Each structure stands twice: as C-alpha cells, then as structure tokens.
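Shared chain: chain A. Partners: chain B in the first complex, chain C in the second.
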Partner chain A sequence: MTNPIILIARKESGELLLSGRGITWLLALSIVMSVLSLLLVSNTELSLLDNASVVYMVMGTVTALGSLLAVVLGTDAIAGERERGSLWPLLLAPVTPSQIVLGKMGGQTAGWIVMYLLSLPYVWAVGSSGQNLAQAVIYLALFATPVVLGFGFFCIGLSARVHHVRTALLTGLITLMLLASPLLLGPSLRQSGIGKLFDAVNPFSAALNTFDSVVIDSQTLAVQSSRLVVTLVWLVTTALFAMRSMRKIKI
Partner chain B sequence: MLIEIQGLKLDLDGKSVLRDVNLTMEKGQIYGLLGPNGAGKSSNISLITGLRQPTAGLIRVLGLDPAKESLGLHRRIGVLAEQAGFYDWMAAVAYMHWFARLYGIQLSAKEISLALDQVGLDAGNQSAISSYSRGMLQRLGLARALLHRPELLILDEPTNGLDPRGRRDIHDVLLDLANNHNVGILLCTHLLDDVDRLCSRIGIIAQGHTVLEGSLADLLGIRAAAQRYRLRVTANAVPAILPSEITLLSQSGNWWHVEIAGNARPEEAWRVLFDTDFPVEEIHREGGGLEDLYLSVTQVDREAK
Partner chain C sequence: MFKIFVTVLFLLAAANPVLANDTLEISLQPDPANPPSPQMGDWLKFHSKIENHSSNDAHGVVAWISLIQVDPGKEQPVDLEDWSAHKAVTRSVLPVAQQVGVEWPMRLIQAGSYRVVISAVDRETAHVMTSPFIGFQVRQMPVVESGRILPVAFGVPSLLLILIIWRRYRHRGIFG
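Up next is the complex of A and B:
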C-alpha cells in the first residue's frame, strides 16, 4: 500500500510535468533564463561584467524565479483545488489533513528540484569559464532550497486559509516582493540600522548575501552559518504555518 | 441505523446556518433530502461527512461520530459533491487508479474497466478528463464515489447535466445498489422526478431546519387529504377576502395556488367564494403529488419567516 503522502506528492509533480499549465510555466522560466544568460555571456565577452558577478546574478535570478514558481504552485495547492472542485474528494478520502499538506509540500519540493535541474545548464553556460562554478551549484542548492520551499509552504498555508486563489496569490506575491525588496534598495539604505536589521532576518537577503560572499568575495561556508540558520528558520516556520493552516482549512 | 441526526445546529461566523435538523435513515434506503437553494443541504452534508463540527445536537453516521472518527467514516462512505472536480489532465482510468490507491485499494485494469462501465463510461477512452462533457463528469464522479464499495452513498445532484437516458441509467444503478447490495443512499436534489422514482423516505429542509420528514408514501397520503387547486383571478382580486375554508399557498401573476381545508367540502367552499363575488375566472384541480407537497411546506416556512 503506497503512503498517501507519496501518492499526493506524485500527483502534484505529475501536474507540473504533464499538465499544460505546468509545462507552460517551465517553458516560460526556461525562456527567461535563456535570454538572461545570453545577455550576461555577451556582457562577459565584452568585458562589461566579470565572471563572478555574472554567476552571482544567475544565482539570484534562479532563486527569485524559483520563489515565484513556488508562490504560484503553493497558492494553487489548496485554493486552486477548492475552486476546481477537486478538494472535496481529497478531504473525503481516508487521508488526514497533515498527510494532504505533506503531500503538497512533497510536490513543491519536486517542483523546485525540476527548476534547479533546469537552471544548471544556464549556471554552467555563464560560469564554466570562471573558477566558481562548483560553489555556485552547491550554494544554490544549500541556500536557495530553503528560501524557495519556504515561499511554497507559506503559500500552501495561505491557500488553505482563504477562499480564492487570487487572494492567496496576491498575498504571496506581495510577501515575495517585500522580502525581495533589498535587491531594490540602494547601498546607503541597506547600511542604515533598519536596512541592516531587515537584511539580518530576511531569508531572501541571507541567500543573496551568501551568494555574494561566496562567489564574489570567495568566503567559506563557516562564515555563512548565521545566514544558513535564517533560511532554515524560515523553512521550518513556514512548514509549521502550512500544517497549522490545514487544520483550519476553509471548505 | 445508517444516519441518525437529532436537533442539529450549526453556526458559522456568528450566523445560524442550521437549527433543529432531524434525519433518520436505514440501510438499503434511498433518502431524498430536499430544500430550496441556500436551505442548508450542503452544510448538512459537510456535517454528516465530518468536514465540519456541529455547534449542538446529535449526529451519528454508521454508528460513528463524524467529527471525531472522520477517517474511519471516510473509508465507508462515498460522496459525489455538487461541484464534482477532477485532475483534468489525467485520463479517467489513471485517475481511478490513483484514487483507489488513496483508499489503499489496488485495482486491476479489469476492475477499473467494470467500475467505469457500470456508470456508462468507456474505459478505453484515453483522452484527458478536461475533454469530458458535464454528463460524463457526473458519471465519473459517481464511479469515483462507488470505487471502494461504500455502505453509504451521499449524492448531491447526481443527475445534473445528464440526458434522459443517462438519468435513467443512473437511476437503475442507484436502485440496484439499494435493493440488491443494501447500500444506503442520501440523495440531495432539486429534481422531484428523481425523488419520486427513487426515494422511499424524504426530508425537507427550509431556512436551515427540517420542516418535514417521513416516508414518501405516508407524507403523500397525508397530503392527499388536503385539496389543492389553481385559480385564475382578475387583477383586482385581494387575498384578504378569500373565505376561511380556502388558504392561499402562493401566487404567480393572475394564478393563485390555494388549498381547501381537509374537513371542508370543495363545493361548499366554491359556493361561499361565488356568494362573495370573488373575481375568479378559472378553477383547476391539482394532482397533490410531491411537487405540491414540496411547494406547500417550503412556502409555509417562507411566510412564517
């Protein structure tokens, strides 16, 4: 007998890889990555950007696009099923709410793995001529994974608590933009007290600052431990939020 | 007893959704749960299936408390909700396999084929569920609800979107389940023809409470004692001047739906009516069937509200 968590996770992954909606998303992400990589490689060839900066930019973009995909998949996980009428049969099957949410989280994880694998050729394309390709691949897996999955789990929780996909999607996107806002802040603002505090607790900043430190400044993992803790706290907190939300699911 | 509900009450967001709902249902019975839109039928189903907890009252389904023993209950009931949703990128056979495994059942291709065939779907159809018509989706929903051989089947508008032959096919499946396999069926529908053909017992919910419950034969027998008519009146007719023997049930334009009290003789009632020069142009006798029963009890409740 297959565990329901695995069955639901398989179904979620299948939806991403086999449904028109999922394939369209993956195709769109590939196109964005192709265009970005082409521009960055051209800039490197023209000596406008050094190789390390280009790799850093690709890592940041993969994290941002992965988070965006996680927000879309997460908000659709419960609220989307509710709107399409497929949530009732799932809730009326002999499966606990915790198993459903763990299965959905499994689907999110599979989605991120696909996205990560999809990004590797692009990381290779821009980083193969430099010294930091291996770090890029490892640190992307280590730091982007909790950030991206955290967004997905947060949105699963949101979608269990609200009636409509639109509400959950809007809230998820606003949260993503808020946490990604350090990218838009100028250096002086980031050096202010509030900017530093925001950077210290923001999982998105933690991942990007790590990429910067490791790829551009060639620092070691030991220096990044506090940032790793921030991303892991984000992952655990959002996972607990999703589990708790499922118990208060709106039907 | 399959379902026993007494004095059920449900409040949601501070609003009373259900108050004093009563329902009793035995094995092998087809029970028709009727009521106008928004009467509380879907809320009632969510309580019976354990998706919500009641505010007050007793509810036992298959001897279990749905709110506390929902997992055990879900193994033994099959539900077709009004909005039957599927993973529309899958083919029906793959979907049925996936769903069966969710119940811990490993079905062979032949068993899936039989399950689909039972509701008139072709197991050889490999197209995605997204290409299915409304009627095909209803059939697939019924096949899904029957997949694990439930003791109790809860169906919300199961014949919606079906053509007359499709409806008859589904009727035959339901009658076979109830008569030959002792499956209890709780049928929520607006189609009184379905109830007339299938149900042995009915309950009518209006404004969140049970206004009538009992065996269909008994209830129609009681109603046969009353006498209902349709009157065509002129525009200046006023309900207040109707004789006391005649009760106005509803009106639609110039057509009035009235009832003559069981102890009064119709010819006497008409004589009083004509003596008062009541502006009536036509009088038609009504059948006194389920539709009249439904309309009269829901109308009375609406007026009382």
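Up next is the complex of A and C:
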C-alpha cells in the first residue's frame, strides 16, 4: 500500500503541475521574470549594472516569487480544502494529521522545485557572461529553499488555524511583505540598530545577504554559516508550527 | 615663404585655439573628482567657462557639448541621448568681459576612446567657437547581454502558453 504522505503529496503537486490553474500560475511567474529580464537590457540605468549585481537581483526576485507561490499554495492547503468542503473527507480518511501536513509539505516542495527549475534559464541568461554563475545556481537552491518552504509551511499552519482563505492569505502576504522588505530597502535597512537586529534574524535577509556575499563578493560557504542557520531555524520553526496547527485544526 | 607663414599660423592656432576674431573664449576642465580610470556606468563631470572677451555684448549665445568616439575604425560623433540630459545652455546676452560657468555631467554608456568639446555660437559671429578638447577612455564592464535574455524572456512563457493550449485542446479531443 502506498504511503499516505506520498499520495497526498502527489495529489498536491499534481494540482499545481498538471492542472490548468497551476500552469497559469507558473506562466504568470515566468512573465514577471521575463519583464524583469527585459527591463535589465532595455532600461539604461539597469543595463549598466554590473553583471554580478544583476544576478543578485534576479536571485532575490526568484526567492520573492517562490515565497509568493508558497504563500498562495500554503494558504490553500487547509483553508482551501475547508472552503471547498473537502476537508472533512480528508480528516475522516485513515491518515493522521501529521501525515496530512507532511503530504501538503511535499506538494509545496514540488511547487518550489518547478519554480526553481523555471528560474534557471533566467539566471543563466543574465549571469553567463559574468562571475559566479555556478555559485548562484547552487546558493539559490541552498538558501532560497528553506526560506520559500518556510513561508509555505507557515501558511499551512495559518490556514489550519483560521476559518477563511482570505484571512490566512492576507496574514501570509503581510508576513511576506515584512520579511521581504530588505529586497526593496537594500543596505539602508542595516544603518539603524533595529534594522541590524531585523536583518540578523530575518531569514529573507539571510538569503539576500548570502547572495550578495557569494555572487558579488565571491565569499565562501564558511562565511555564510550563521545565515544558513537562520534560514534552517525558520524552516524547522514553521514546519513545527504547521504540524502543531494541524493538531488544533478548526473545522 | 608662404608655407612657413601657413605653418606658423597653424602652430599658433593649435597652441591657442581661440582665434583672433572669436568673441567668446571657452575653457573646459574635467572635474577633479572624476574617476582616474572610468568604466561604463560611471559619471564624469566637466566644467567650462564661456567668456565674452570682445568689445561688444554677445547676443543669443548658445553653447553645447559634443562627444566624439575616436577608436580606430569606430570614429563617429556620439548621440548624447543616454549620456547626458544637459546638452546645451543659452544666454540671451553675455555682456562684455562677463563669463558664464557651465557644468556638464555625463554618464558613460559605452566603452571606448572619446573626445569631448564645448562649442558655442552667438548672433554676431559668423563661425563656431570651440573649447580645447578633453580626451578620456571608458573601460568595458561586464553587463547583461541582450542576446541571451531575449530568447529566454520570450521562450519560457511561450512554452508554458503552448502547454496550456495543448492541454485545453487535448481535453477537447482535438489532439487525440
């Protein structure tokens, strides 16, 4: 008999990758990436950016878009099932809440893998004539994955605790906007004490600072260890939050 | 004798670019803060002074900046469209012995060897008056190549769009 976790994960990833709605989301994300890429060559200001800076910018955008996709998928995972009336049958099935959450997490992971693969041609297109392209591809996987999946797990937890998709989605998006603010504010954030503290504990900042450090400054993994810890703590905390929330699920 | 006269005249003109019947004297200096070895994307600034050293007021003074690429095989005047938003200044009257200082900022868009020069005319003088030129070299910087971006930017969404259309028609049984 197939493991229920794999069954749920397969159903979740199938809905994303094989349904018309899922592919349309991926199309929308690819259009955002394309517009950004075209701006990079057509805009005078952007086209004069150093190649490494452009790769860093694309990596940050991929992380933000992946997180956005994770927020939408995570929110839909439980609250969406509840609104569609399919949560009861799922809970009555011979699976534990933990298995349901792990299956949903599997779907999230599949969504991010597709998103990551979709971003690679863009990273190659902007970075192949510059420095540290291989590092960009590896570190995008290494640091963006816990950040993106963390957002997804956090929203799975949220959607288990609140009644409506809208509430969960809004909370998820506000959290994403808060944590992803360094993408817009850049280094100016680190000029104040609060900004430095926020930067030190924010997983999104950790990923962005790593991309900067590796791609632009050519620094090694050893320099990134504390940042990797921040992103992994985020991943584990949100995963525990999702598991715990599923046990306290509101029908 | 004539050849010697012409040579002397040419040398004098070369040594002092201000011709005897020029009403305006134009100087041109690079900003001290300019990078010593500029590269694409850097900003340069030039300062010029346009002085009326004739015995009459100059009317309708127009001064403008020109940029010329001088790389072998690529000699050409450069369209300043992307390089500078500050391409010319005008003065309705420039009184005798008065001068006007002008700052010319410039963004370096392409690598190469360049000469920059300020030219000016007024209503009374029948020829263009120019400053001495300043040469500078712009270093290449690795930037994004549009040749790779375009296929990806149009190709990836197109593939997904084809996938969506194919799925839709497959469900309707058109592709079997």
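Simple rule for what comes next: the second predicted complex is superposed on the first by the 238 of 251 C-alpha atoms of A that agree within 3 Å, B and C clash if a C-alpha of one lies under 4 Å from a C-alpha of the other, contacts with A are read in each partner's own complex, and residues count from 1 in each chain.
To be clear about the criterion, a residue touches a chain if its C-beta (ideal position, glycine included) is under 8 Å from a C-beta of that chain, and two chains touch if they have at least 3 such contacts.
Here the structure is a predicted model, which is why all the values come from computation and not from measurement.
Look at A:Q191: by the touch rule set out above, it reaches neither chain B nor chain C.
In the superposition on chain A, contact is made by A:K11 with chain B only, not with chain C.
By the touch criterion defined above, A:S86 reaches chain B but does not reach chain C. When both complexes are overlaid on chain A, the residue A:S218 reaches neither chain B nor chain C. Touch criterion met: A:T2 reaches chain B, while chain C stays clear of it. By the touch criterion defined above, A:S98 reaches neither chain B nor chain C. Applying the stated touch rule to the two superposed structures, the overlap between the chain B and chain C interfaces on chain A comprises residues 20.
Residues 40-41, 82, 107, 109, 141-146, 148-157, 160-161, 163-164, 167-168 of chain C are the ones that touch chain A when the two sit in their complex. Residue ranges of chain B in contact with chain A, taken from their complex: 46, 49, 51-52, 71-72, 74-75, 77, 79, 81, 83-90, 98-99, 101-104, 106, 144. Partner chain B is touched in their complex by these residues of chain A: 1-2, 4, 7-8, 11, 14-15, 18-20, 81, 84-96, 251.
In the complex of the two chains, the chain A residues touching chain C come out as 20, 23-24, 26-27, 30-31, 33-35, 37-38, 40-42, 44, 47-51, 54, 118, 121-122, 124-126, 128-131.
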